[in-house]
Amino acid sequence: MDKANFLSWQSRLHKTIYESDTPAGKAFDVALLIFIISSIIVVMLDSIKSYHYRYGHVFYVMEWGFTGLFTLEYMLRLISIKRPLGYVLSFFGFIDLLAIIPSYLSIFIVGAQSLLVLRALRLLRVFRIFKLTHFLTEIEFLKISLVTSLKKIAIFMLVVLSLVIILGSIMYLVENGENGFTSIPDSIYWAIVTITTVGYGDIAPVTATGKFIASLMMFIGYGIIAVPTGIITTEMANTARMKKQGQEVCPGCGREGHDKNAVYCKFCGTLL
Amino acid sequence: MDKANFLSWQSRLHKTIYESDTPAGKAFDVALLIFIISSIIVVMLDSIKSYHYRYGHVFYVMEWGFTGLFTLEYMLRLISIKRPLGYVLSFFGFIDLLAIIPSYLSIFIVGAQSLLVLRALRLLRVFRIFKLTHFLTEIEFLKISLVTSLKKIAIFMLVVLSLVIILGSIMYLVENGENGFTSIPDSIYWAIVTITTVGYGDIAPVTATGKFIASLMMFIGYGIIAVPTGIITTEMANTARMKKQGQEVCPGCGREGHDKNAVYCKFCGTLL
Amino acid sequence: MDKANFLSWQSRLHKTIYESDTPAGKAFDVALLIFIISSIIVVMLDSIKSYHYRYGHVFYVMEWGFTGLFTLEYMLRLISIKRPLGYVLSFFGFIDLLAIIPSYLSIFIVGAQSLLVLRALRLLRVFRIFKLTHFLTEIEFLKISLVTSLKKIAIFMLVVLSLVIILGSIMYLVENGENGFTSIPDSIYWAIVTITTVGYGDIAPVTATGKFIASLMMFIGYGIIAVPTGIITTEMANTARMKKQGQEVCPGCGREGHDKNAVYCKFCGTLL
Amino acid sequence: MDKANFLSWQSRLHKTIYESDTPAGKAFDVALLIFIISSIIVVMLDSIKSYHYRYGHVFYVMEWGFTGLFTLEYMLRLISIKRPLGYVLSFFGFIDLLAIIPSYLSIFIVGAQSLLVLRALRLLRVFRIFKLTHFLTEIEFLKISLVTSLKKIAIFMLVVLSLVIILGSIMYLVENGENGFTSIPDSIYWAIVTITTVGYGDIAPVTATGKFIASLMMFIGYGIIAVPTGIITTEMANTARMKKQGQEVCPGCGREGHDKNAVYCKFCGTLL
């Protein structure tokens, strides 16, 4: 009896923490989201020196409060799941642990507290929570479009990477290691800043040849910024058309052509 | 008789001020547009110090002139509408009030006049005025495309926001609070400047690790700038195709599939 | 006899200068292109101080040489056309005149020679010349796509313009006329630099509120850069589809739906 | 016998070095890739001064090691191919030679070693190697899309080039050769930096007119960045549609409409 009771208690806890289709589950998710955002805001404000000097002790207490709450949440997650080790080793399990460890480390190691910024990674839980609401189809749409265009984007990125290494190296020669082009890695950093049209201006060509090569790179960057856009737009249009025609597109591998009554993708076995 | 006269006078005024399909209405709208633009130009010029010292008194007189005209317009709008409170509490009513208040406030509070820049918000009336001309279908087209892609854009923006918070926090750790990365909010500001490819260069990484992470961010920014473009292009192509096929798309919620004889959207009740 | 001879001479000259489907016409166009580019390169090199001091006299002679040639060309154009005034008042006639006037002006006015840079405008003739070659369909394609999307782009630009005026004015208030935001026009200039993701960094927000608003603007700029791309891509896809289906699209107004045997656009009368 | 043996040995070597469908060929390609990347990393690290002073001699030995390996590879390539001169004069043959020459040159000429950065060009071999794996269809797709849009992109680039020359020249006049606009080429460099939205900020307009023209240029750049994107997206969508319909698109000239049983492109003769 007691064991059954415990199991039902555990199962209800699991439903509340891991799912969100019950009122309690929704309340838990919203509360968690608020705590995550609050804890990040506190870490942020504490990093501003003038605030740190004035309200440092308040932030200190709050940070320990959040650490306590997140530790409690971590423990509840552990006891309410069947295979706790699976959770601990999962991506979100790792991030959840990362969010509480720095506080405890700071007792032994001075400065470990600054690692609290890693708590920002917990923000990613937002998508987990949103996933279960009415944004599902939009997330699915974006996911499929990106998955199917990944290979093309990868090749494109490889081309750009080769380009910045080659052009960065050449600029190192041309500017003769001066004007900020102090080493090849620095020149490659400059080439990336230029080709992505960010253009900080912390390093900029000074010699005429350097300016000419830089101009060429900008034109190249201007032209090829169109390529990833073209790839993704084409895939999105394709995904949208598929969906309209009622054809299933596999969310796992992005391939189509499944039978009407198919339940699993015939290429990668993902549940359709 | 007098009352009927007054009513017909009020109704004609309403037509002139609020609509623009009569010659008087068009003249009013064009005159209003000219006054709005002129008043904004005067505020602009007055903000340039050398002009302020030389022509300050001229601008002063002109500003009061515009304030008088806009006050008159505001009053006419109030008396020619059936439910004046509805106008006062509406978006444009609020902006119209915001355009005249600073002048009167400046009598009591020194410096309140600088709030006159809020007059720039009146520029938004341009779209109200244009709406009634032959740009209607284009505005409608852009509106539908943006409304239908809003959800996808929102999710995308959430991803980017999480990304800049996480990467900004990590850069704060990496650059150790130096080289402009003085606090987490500042580092996040830098991350936004970088990922949107604006790249002021007021804050730029100095350490090798910082430059490496920054390069990574630029590549990410370069790749994902394609996502909103893909979303909006796909929706626009969809809207254009719908329109060509004579299918109605609801201007309110962007959904389609309405019957040929439908007058209201069957999903949100907007007039088709 | 003499008159007929003269007329035939004039007509042959016209063919050579204004058209390019004869060997002589092609040779003239290519020679003209080489002279235009050479003259621009000379003006460019002359603007570099070190070159000016060393080769200034060579450039001087060459500039007068080009001026002589272009004057001769201008005269030949005048005498070989039926209505010389029409040419003089045309766009290209005006630019052709602009290319030779500064040299003659420099005799009377010191420094007028610097206006020679306007010769760069003659580069636009390149498109005139290319128009008659095998790039015709591509130019037509781009032209139709841009003409049909002009209205939507115009509205979009109006939105962006209102946005930068409003946000620039607000930033002037927020940064309190300091940190480079010295006047509203300067703040609007900064807003344009930011929203177009150029980001010089000559003016950058310093206050926390300023940075927050700037971050907001960058996100807006990031999102809406997708709009013109979406508009033009949609129109291009449309133009491409039309062309494939053999339907004529008017190069003048971009509208379609003409009859198979139509010679003129039924909407604007342009030759199809 | 010996000769046949030699030939078969040569043919097997050719298979290993030039192809990658045998286990030995794959191993060779992967090893080559690792050596190329390692050699580039060594050149990179050696360019950082602090590393150069500490590990300079280690890098020196490694560079000679890589030079030896690449020389051996070059020789093997020479003896295993039927027409060695064809390889020597080919694009990749030239780059392969360029990768080993600087080391030998450095014996005679001081500083020639810095040309080792040209080894980065060998990175391009990555695509040769990848070409033979499962990325083939994606590379083909990108290639066809870019080839077919090349003409339109060329015209677009010509327009942008004319624009930056004209606007750069005008800015030189407006800013009067000051504030970094010291010559027309420098002003054109600035115009390119601005219109491609890179925006270093090393040169920035100071005068009111200059800022106004710069703002105009940014708006133009903002608008026309959409053009190459539109061109490439349209071509990609077209290529994707063709492929889906099973129609062959020539990888050489990008034209379509080939017969089902066609083996060569009927327009340019490329193998389909």
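A, B, C and D are the chain letters, set down in written order, and residue numbers restart from 1 in every chain.
Throughout what follows, contacts are C-beta pairs under 8 Å (C-beta built on N, C-alpha and C of every residue); 3 or more make two chains touch, one makes a residue touch a chain.
If you want to know which protein each chain is, UniProt gives these names: A, B, C, D = Ion transporter.
Owing to the predicted nature of the structure, the values given are computational and were not obtained by experimental measurement.
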For the copies chain C and chain D, give the interface type as same if over half of its residue numbers appear on both sides, and as different if under half do. different
Select the interface copy of A-B from among A-D, B-D or A-C: the correct pair shares over half of its contact pairs, counted by residue number. A-D
Averaged over CA atoms, how far is the centre of chain B from the centre of chain C? Could you give it in whole Å? 31
Any idea how many Å lie between the Cα centroids of chain A and chain C? 43
Two or more other chains are touched by the chain B residues 185, 188, 197-201, 225, 229, 231, 233, 237
Mind pulling up the chain B residues that touch chain D in the complex? 197-201, 229, 233
If you look only at chain D, which of its residues touch chain A in the complex? 40, 43-44, 47-49, 114-115, 117-118, 120-121, 123-124, 126-127, 130, 135, 138-139, 141-142, 145-146, 153, 157, 160, 185-186, 188-189, 192-193, 196-202, 225, 228-229, 231-233, 235-237, 240
Under the definition above, what is the set of chain C residues touching chain B in their complex? 151-152, 155-156, 158-159, 162, 165-166, 169-170, 172-173, 177, 182-185, 188, 194, 197-201, 204, 208, 211, 214-215, 218-219, 221-223, 225-227, 229-231, 233-234, 237-238
